[in-house]
């Protein structure tokens, strides 16, 4: 494993995301903001599929507490993007993901993301433990 | 009134919307898709303010049934946009808005939009009459 | 062919687009504005692939003159969307597309779009004929 | 000054940004991704205004190298957002901004951002010094 998650081999699961014409900004490449929509989509899409349920309707929901991204190379419509996922930490109430974005044809990451979910009660918004259903869904994302 | 709503005088209320860096696309101007976010924001922002309540929590909600836009001139970040609103028709279950988008400094529209809301029960999604609260809020938008 | 393009069989080419978590709005379904980003992406993605070149660098570029959409059914993340394309008209300087959006598993359209491109000189922005390269790329989209 | 930039007094300039209906996601609040579009808009809008020129056409352009955000409170359409800006560091080739997002009526930040621009030659994309015009524009953002 590379020490900073720059390679596809550093991730445990991948989600393919199609880019959009309007993702590109004035400089002709995917705007930095859009990278975070790939993170958001990869994490939630993985969870919905792996948990086999619509996570938006569970009593506990994941609220985004912190995110970050290092931009290493440009992405550009129309090439699709592969978002790699791996767990950095599965805590009592929080989950920290590392996410790598890869141009479809490349082995090294165009961007390195970090994404922190904190679980809260959907009504009271009080912090709660990560639900068992989510814990089980995250099992395959654990770093080897 | 101009016969096709090209002038500020053709509208009854205005909402100022700030443009965003990423609204601009590869050609350096606001992407066509984003114009519709201005329509959506102008209509819902007007309704929330004029109705004095969060319309998202009412028993009847407006669902978008049809929209269209003619693009006449370019808009570009960082200039703000004024969205003019006027009613084309207030029906039993539907409301049709005409929306004009104006660069902050211009008298003639950069885009002409049409936006059709149909009211439905928030749970059953059956079509229902336009709520009285919404009707009252729309009064000032009637064409003279 | 259905008379209003409601079926997959009414379209000549399809582009698969992945939805995103943030496409969903307060009502839990893809926001109306986002449908237009699918149109924009389908048309430009098709052209780039069929023309075999980056259309953004050609001397003549397609500017969006008019778009519209009728919303028939909800779309929702995480399901992918298939955008069907067919030509309504290939004029001297303009191209009119009909676009149908389909949930991955459905035969009838969730939305019916119309998208008008006018070709202009990339520098002077004067209207010009549709380039031969684009005409050839559009051949497979002609309605049978 | 608060040690982590939580207060309006910790920032040197403010940009008001109007929220949009579609900024809200399935949970009824502004989606985490959209916060970054506020950062992007605040930094570039400030630079365009303070430099008195369209920074997109300068020989050196700012490329986003790294961003991050801590989410402290929810933002929600239709309330506008004030983005506060202050310099963390003005380096030889890079500029690091701290950005605080505030609900219009609040004194404490809803989100704390960090935004790193690296200047590159617009054609070769080689790293270059921060242009003098940009340095002068940044003067008022220096932390006292």
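Here are some notes:
When the chains are written out, they are named A, B, C and D in that same order, and each has its own residue count from 1.
Simple rule for what comes next: contacts are C-beta pairs under 8 Å (C-beta built on N, C-alpha and C of every residue); 3 or more make two chains touch, one makes a residue touch a chain.
Small disclaimer: the values here were computed from a predicted structure and weren't measured.
Chain C is reached from chain B by a rotation of 180°, derived from superposing Cα atoms (nearest 5). When chain centres are set by their Cα atoms, the one at the greatest distance from chain A is B. Interface chain C/chain D: over half of the residue numbers present appear on both copies, so the contact uses mostly the same residues.
Centroids of chain A and chain D (each the mean of its C-alpha atoms) stand 23 Å apart. Inter-chain centre distance (chain C to chain D, centres taken as mean C-alpha positions): 34 Å. A separation of 29 Å divides the Cα centre of chain A from that of chain C.
Shown for chain C are the residues in touch with two or more other chains, namely 21-22, 26, 28, 31, 33-34, 37, 40, 56.
Contact topology of the protein chains: fully connected, every pair of chains touching. Here chain A touches chain C in the complex through residues 16-22, 28, 37-38, 40-41, 44-45, 48-49, 56, 77-78, going by the rule given at the top. For chain C in complex with chain D, the residues that touch the partner chain are 21-22, 24-26, 28, 31, 33-34.
The residues of chain D lying in touch with chain A in their complex are 26-27, 31-34, 36-37, 40, 56, 61, 63-71.
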